[in-house]
């Protein structure tokens, strides 16, 4: 196959303060299917995903990021990537099947920005995923914000360049765009793709490690971004900013917070990326336009609030 | 990189009866940029493509398909794929740089359905492609149908299974969907992807080889599909069918003919494909729904007219 | 007020063969609110309508049109219009409050095309209509096809000119567009507005009187027309034609049939009409483009099937 | 006709600092047709308007509002409304044909908020307006922001209630929505309609009279609001706020400034108004949500910058 190695963001596990409240938000507002609840964790799948789950919420005393898992194309890729990670001096743990329901064996590593990542090759198929025999475009009418899939995470930490280097050199990601302070040659933001998407994960410079800026869900259109905004106002969900567009990725977007304070994004569009595309470079003095293409200015909340 | 080997449909060369008339159609109606005209051929680029050209029109006595070229990730891929093609018994020609302006060396092969394909690794960048330094979302306002890129070809011939086998076994394409006459175990249509797109090339069963059913351009949204329909009526372009949706790929689409009778498609949407996705299977008795999800019936013109 | 006299299509009563089946169609697929069922009639309201109901379905042995009711601005308008109808030789019946739940007194007349119309000034407010104090854009998320309102009827009969004359001369409607066979000076279609809408009722030439061609519901956008098409295919609703656009009114539209065979339309857009606008005239030889702006051709089913 | 008396906002005359710069903005960015320039004034028409012009720009030393003109249904309406204005104690001037090219006689009055209004019954038809014989949906592809028409003005001044009273009592406008400080029983904003539109003119409480908050243009869809935002960023037009939605009118909107500092709005949607609709009331404590439904907060610039 021509899409090889790391295929996509498979799932993310977030911490939430109140699981019932969180279930209402992710199921009824974002529109995910609740797969099940077990041992203090709730599992969700979006209507256009084949695999069992893409979001795990764990009830805890503080919100935030537990770990993000990428799916690879085949089991032997796990050994291949483990070797390359070790070659870069990155410690790798082998996690046998069973830690997460329906998921096969995993390898786990931590980044200089202190984010835990898993790679896995096997997950059970969802019972509510797309049909494959004379399939309708969906089984049940999408509801709430009509999220089609979990799309990516943006993670905060100190040495984003060191973390990005692992994704590029050990895992074959491409850097699609960078936001650079040219005076100090510092990367403020690095956007990485393992696919034709404009980003599959992003790292954002921040004074504290291990933080999550947002988790993001794909929508079908700008029309649905507007509908998401309507849902946000109607149900008094805490809006961050939007509807707007990013300069970086060109995605049309809206940001808001789940009841525990974790930032969510729902977005549509963005260019189709190929690894022969020139890298797009944003200078720090254009950071406003890079992040919020219409407003051309950053907000304190966007730059300082994360979990 | 995780998108490896064959990256994407790079360009297609079609025959047209009158080059001036064709230029008006592809430039002013579909909205491509005219790169240049030389020696009876016109070259076009879509506003969101980095490379020099994606469409070549050659003036000739009959319309139809000359050849389609795929871009590969690196020069050594050309040798690698040549070897694998030869391993399948497929004859390979080496075409030195210079046959097409701005394009490096190519390898060329023919399929059982008598379609010529080129692979190449190098093309000059376009002067009208996307900016890469603090880029705006486009340099000039998209015009006409606002085609973002050349997207794929659908080609007609007799032994589509044999042709698809080459793309899968030598070039690492995935079969995303098939339309099957289960009684005779015959493939009526095979849809192949080398990327996250639902298809990059398709082969459709037909009694004559070497034919092109349509070449397709991507649009940003269903809104733009409707706008394309408006353009088609306003300028008396020959409509085939649409706006409608495909069951296969789920793309929202409209078909029409260029002044020489070559069928064009402009479409948006369609699912994001990953190589671990189950293959979607359509039974021949659902061919109507597979092709035209709303009408649930095929038309004679769609099944019998090609060039 | 500057919108005076006849305000809008208030409601229509149709006959259906099976009330339960019809309720599922109009409530779950078109997305209306079921107000209640009494004495063999079901009453529906669309989410953006203030008044109690806009659709009445009556179970009967054959599908079709019972009557259409227009709301007028004030009670005295009923007497005023009764007088003007009588002045044109049109018989008028006075229907006391109570025939339809929640509706005040009505006046009733019949047309040369044998369609019964009611005028009324009073209807109870809906409990599920828009809020009026710090209102959200909707109370509950629109569902199904997300119809915002009952919009208009198109009715078939022989002498459409004589019927239109009543609406113009007695009720102050404007003719916005006409489809004319200029050779015979015959009106094939007459489109009438009492508002800023491109039409509030239309009369279409047909060999039999008292028929209904379609009843129509407004949608917010072309995006929702596409979504309606998805719903139609997913639930195997009988599609007539669309998504497409009308030349007449410029509305973006899709036609389908309720389970009893009554034709429904859901549409969006269309121009804003003012009574000083020049009348738009379509010649019979352009009837295809007038009705289906993209296809530029009529279909037998559209021209001959009605109830 | 059922739309009677005052039909619609016909045109507005604004002052601009530099006519050439303003022409580029209104013609190339908003997408109006330039009708002509004479004696320091430029005249514009939107592609979907039948009449000669809807915007007049006059070069002057300061930006701002000269006057707004409403079209009435017939010449005798001018006398009728003059009489009713005089009946309310409002001074009326008769302006003979010729002041504005292509426009018939006018009557003129001033409001307590010191805004000059004209009423007129006759204007020449545009040469670039919609076709009326087998009309295409547009003659030339809409360009720039694709404004379909001049839609309304929002005007600032001290005694907005006294001004609104004139529109209601002398000109038959309806108050569709009010933003009220209930503690002091003060109207902060009054929205008035003479049609099925949610507003044709609005008055906003402000400490200085004779100011214009914004002039507004209609777009076809939320998609086009997004496109307007893209245009604004691409050409470095000064953005005020948006894309967002209003609670009042429910319009989907974006605000920006012309090169002279006059605020423009382009918007789509909003409900269809009928004079029997209950009046929507917003309390001052919900002013944020009333004005910016998503942000639920006002901005200083929006409240204090006008011309």
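Chains: A, B, C and D, in written order; residue numbering restarts at 1 for each.
Everything that follows uses one rule, which is that contacts are C-beta pairs under 8 Å (C-beta built on N, C-alpha and C of every residue); 3 or more make two chains touch, one makes a residue touch a chain.
Only a predicted model underlies this, so the values are computations on that prediction, with no experimental measurement involved.
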Between C-D and A-C, more C-beta pairs in contact link C-D
Can you tell me which chain lies farthest from chain B, using the average of the Cα atoms as each chain's centre?
D
List the centre-to-centre spacing of chain A and chain D in whole Å, with centres computed as mean CA coordinates.
44
Expressed in whole Å, how far the mean CA point of chain C lies from that of chain D is 31
Just the number, please: Cα centre separation of chain A and chain C in whole Å.
47
Send over the residues of chain D in touch with two or more other chains.
136-137, 221-223, 230, 233, 245, 289, 293
Quick check: in the complex, which residue numbers of chain A touch chain B?
1-8, 48, 50, 71, 73, 125, 130, 132-137, 149, 171-174, 193-197, 220-223, 245, 247, 250, 269, 271-272, 274-283, 286, 289-290, 293
Chain A residues touching chain D in their complex are 222-223, 226, 229-230, 232-233, 239, 242-245, 252, 289, 293-296
Can you list the residues on chain B that touch chain D in the complex?
136-138, 141, 143-144, 221, 223, 230-231, 233-234
